[in-house]
Amino acid sequence: MSTNQPAVSRFPVPDISDMPQDIRERILAVQEKSGFIPNVFLVLAHRPDEFRAFFAYHDALMDKPGNLTKAEREMIVVATSNLNQCQYCVVAHGAILRIRAKNPLIADQVAVNYRKADITPRQKAMIDFAVKVSQQAYAVGESDLDILKSHDFTEEDVWDIAAISAFFGMSNRLANVTSMRPNDEFYALGR
Amino acid sequence: MSTNQPAVSRFPVPDISDMPQDIRERILAVQEKSGFIPNVFLVLAHRPDEFRAFFAYHDALMDKPGNLTKAEREMIVVATSNLNQCQYCVVAHGAILRIRAKNPLIADQVAVNYRKADITPRQKAMIDFAVKVSQQAYAVGESDLDILKSHDFTEEDVWDIAAISAFFGMSNRLANVTSMRPNDEFYALGR
Amino acid sequence: MSTNQPAVSRFPVPDISDMPQDIRERILAVQEKSGFIPNVFLVLAHRPDEFRAFFAYHDALMDKPGNLTKAEREMIVVATSNLNQCQYCVVAHGAILRIRAKNPLIADQVAVNYRKADITPRQKAMIDFAVKVSQQAYAVGESDLDILKSHDFTEEDVWDIAAISAFFGMSNRLANVTSMRPNDEFYALGR
Amino acid sequence: MSTNQPAVSRFPVPDISDMPQDIRERILAVQEKSGFIPNVFLVLAHRPDEFRAFFAYHDALMDKPGNLTKAEREMIVVATSNLNQCQYCVVAHGAILRIRAKNPLIADQVAVNYRKADITPRQKAMIDFAVKVSQQAYAVGESDLDILKSHDFTEEDVWDIAAISAFFGMSNRLANVTSMRPNDEFYALGR
Amino acid sequence: MSTNQPAVSRFPVPDISDMPQDIRERILAVQEKSGFIPNVFLVLAHRPDEFRAFFAYHDALMDKPGNLTKAEREMIVVATSNLNQCQYCVVAHGAILRIRAKNPLIADQVAVNYRKADITPRQKAMIDFAVKVSQQAYAVGESDLDILKSHDFTEEDVWDIAAISAFFGMSNRLANVTSMRPNDEFYALGR
Amino acid sequence: MSTNQPAVSRFPVPDISDMPQDIRERILAVQEKSGFIPNVFLVLAHRPDEFRAFFAYHDALMDKPGNLTKAEREMIVVATSNLNQCQYCVVAHGAILRIRAKNPLIADQVAVNYRKADITPRQKAMIDFAVKVSQQAYAVGESDLDILKSHDFTEEDVWDIAAISAFFGMSNRLANVTSMRPNDEFYALGR
């Protein structure tokens, strides 16, 4: 990190050249594709094994086939992350949501109060459930699943929504404890 | 409102030509200056007396002289409004904050987690207090004021911070109940 | 303020003779009518512009025509103010509620637990909504309005209930931060 | 209960003549002394064994010798009962507090926000602790006791404060579930 | 208490030989029957009158005839006590629940999340109500009772559930403030 | 799953013979070592990629070298999982904690209220931090880290505590949504 730059993490961040090869290659591939390295890659590289597991989990949820669109998955991330007050996740995934949904307004709407967002009632039901998983998973019961099924979500979709909410709940906590800084590039993407 | 436009309010919105003259003039002046009419003016025009009192109060807090900069006042609005999940207030005042602070990143940072924002420790103490007023005003006591004073806030500044937090707490509730829609123009302003 | 009297406010309170004429006249008119000056007038007179906007707003909500009775408006104030732990508002508006409702018991009942008060089911639905606006306005939705409509509240009544709850939410915060002291006269009024 | 009177309890209330002799005698003694029968006696008489244990416990805490004055014990009851939204307890013990303290204002002050009441810093520390016992007893620790000791409360006083808070927490729940109605007489007593 | 033993209470614990005779006899009878003296008897013996009232109340609720089985009464204690984070009550009454239900798994299941426990829907409804009494008794209303009645609970059962929840809410607070230590014997009983 | 057995998951559970080889091998190895297959392996095998990432992450946190003992890591899991009301995690990791700590009492103590457990002040500070990460990660700041450092925790230990709390927060949510059932074997292990 050059001087005068705000820190990317409260913890040490390794130089890319010092990272294990598989991690370095993943990071360089992301940089190639995105034009910059999202800071989550740098922050977690401090712990290579956790880095590998984190991104394997991330990809298993966010890149897999399934009925939820890519934009819908990002809606879940953005809505639950704002309730968890996670700056990195809202800013970074807000950018991805704008791009996925080709809609410059949607991320801010979903982040602040998804009930008022330009999304479908089905998507609001999806986020209602994701928020319940995030905040009161202990109380999730059959009546919650019935609501989702009435909106034509399958049992597999239920798992997807819950797992995305749960995974990013973990991510939100890591980002807040590490003071993970969103890259400046994210703020304007997709607007 | 033209057809196919999402509603600006859950309640009726009068035509500008039907508004009382003083309200129409204020609205046209804002439109002249901003290039568009922020929806809060249209939504509240449904109740002319409340409109007049609301904006008189707003101006008394936000446009008055005082030690808090215009940007700092907007920080208070943005941070407390996100905790109240007020879409209109975060989007609209986020735009104003970016402009006042000449900083395209600051609004999203302050909205999601001001503790991680690129602001001074003094400004964080200011928002800590504003958030306490917003969420637990009953417990505000001398020790809170002592912290503010240790950051060189005066007694008058304490009133300003508290009053801005309290006023926008009201505004947040009105916006949520009316489903006040942020103008599309706000999202990109100052980025 | 004479010596040995507990302070009316944590902030400076101007002498009546030093107040702007319009404020002084309003205060003297209240004193004429009530026999004493409710402290909210003295406390807010420290900020004349805010004083004017506050009472203009207050009057626009509490003195306007409408379907809600004067007593019902005060019920909203008393119930939400106790949840916000606002001593001034519960004591002062409790007195007004007793007088408006010609009922010496109602204020304490509504303040502590309106669900057990001697009021109608329609009034309980009104306060349920006011409390939701006060505590979770972000979650207010059509189902809340449907309940109110089933009790024959109109759309305008919904606005009134919400606006009174929101306005006194602001007032509660100002009173708590200023340590606004209820006048001794209020406690026994209407009993 | 005569017709047209609001019910004293959601559960059956026995006729005094049908009560076990010891309970009847206690109730008649209270009526003799107070001029009326506080409804808690009638409501709990539905369960004679619980009645006996309840009042034995009550007397062991409220009538025993000790450093806490009678008025201070009632302050604990009134402050914690309002947070628990117990109408019977706030109204009935508010009356007793006014009488014990010979102060017509104190009950409403302590009920709504004891931090602003006309009581000593020592009494505020006492209520701070009672409220913590009522709301977060799991987190009570040595630092809480140190604060009490710094105000010259003994270890026995700590037990008294905690036990009164805990006992009336039970009482608050019973009163809310039974819809125990405060007697009309309480509202004006001691004002 | 012998040396090297962790303290049973933050407060003084009397020697059995110094206790009033009725208390000593009750304790010796329990010891005879159980093989050890549950610490709650020792801790509360510091206050003989409160000891007597506490156990009279306990017995009136837990040993009386009624429709709730002994195991069901213990389920209420275990579920609500864990939400109150009361170590003594969960460990001691968990042991009793295992014994009463002749089920080595049930106490841990009910303590952590009764919604997932091997109990009947009727028992889950019973605990739902007990938890509402414990956490939000102010909001208990007819709709709660209707649910219980749909599960064939009588009005007397409603009282029993509520009273057990309320009584152990008091007990939880006393145990947390006194740092009442569960006897080592409880942990393995009934497994 | 044989008939008459309670379901292990609300979602489908594959037969071991149908699982991908690496997953089957891991499961058989666990069975070999433990004598039974902990249900988390069966439940997550429904999603092989998530299974692999989950256990890679788990092992990276729980099996890695570091200053936190194995027992301390389990304390974090048990304390935070009970606050999240996760039956599977408290029962299964409670068993592991008893074994790691060679202490039959510790798991129940730490689960219900770690502040009263037979652990060191340093371990209580560790759990205080883990609980804050679990419940209010947004508010974690330098003062929290200072407390940990005063107990001789290093920066790497801070990461470990936070990551374990965050990872099991995810696990708690997955277990609650899937209704993951603890194996009967866990309840008695290590007692």
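Just so it is clear, A, B, C, D, E and F label the chains in written order, and each chain counts residues from 1 on its own.
Here is the rule we use: a contact is a pair of C-beta atoms (placed from the backbone, for glycine too) under 8 Å apart; a residue touches a chain by one contact, two chains touch by 3 or more.
Note that the structure is predicted; figures quoted are calculated from it, not measured.
Trainee: If you check the contacts of chain D and chain F, which chains show up for both?
Mentor: The shared contacts of chain D and chain F, listed by label, come to B, E.
Trainee: Is the C-beta contact count larger for C-D or for B-C?
Mentor: Taking the two pairs in turn, the one with more contacts turns out to be B-C.
Trainee: Measuring centre to centre with C-alpha atoms, which chain is farthest from chain A?
Mentor: Most remote chain from chain A, centroid-wise, comes out as D.
Trainee: Quick check: how many Å separate the C-alpha centres of chain B and chain F?
Mentor: Chain centroid spacing, chain B to chain F, equals 44 Å.
Trainee: How many Å are there between the centre of chain D and the centre of chain E, using C-alpha atoms for each centre?
Mentor: Measuring from centre to centre gives 23 Å for this pair.
Trainee: What positions in chain C touch 2 or more of the other chains?
Mentor: In chain C, residues 85-86, 113, 138, 176 touch at least two other chains, as defined above.
Trainee: What pairs of chains are touching here?
Mentor: The complete list of chain pairs in contact reads A-B, A-C, A-E, A-F, B-C, B-D, B-F, C-D, C-E, D-E, D-F, E-F.
Trainee: Of all residues in chain B, which touch chain C in the complex?
Mentor: Spelled out, the residues of chain B in touch with chain C are 11, 46-47, 49-50, 52-54, 56-57, 59-61, 64, 84-86, 133-134, 137-138, 140, 155, 158-159, 162-163, 165-167, 169-174, 176-178.
Trainee: Hey, which residues of chain F end up touching chain E in the complex?
Mentor: Going through chain F, the ones touching chain E are 6, 81-82, 85-87, 90-91, 94, 104-105, 108-109, 111-113, 116-118, 176, 179, 181-182, 184, 187-188, 191.
Trainee: Write out the stretch or stretches of chain C touching chain E in their complex.
Mentor: 113, 115
Trainee: Along chain A, where are the residues that touch chain E in the complex?
Mentor: For chain A paired with chain E, touching residues are 138-139, 141.
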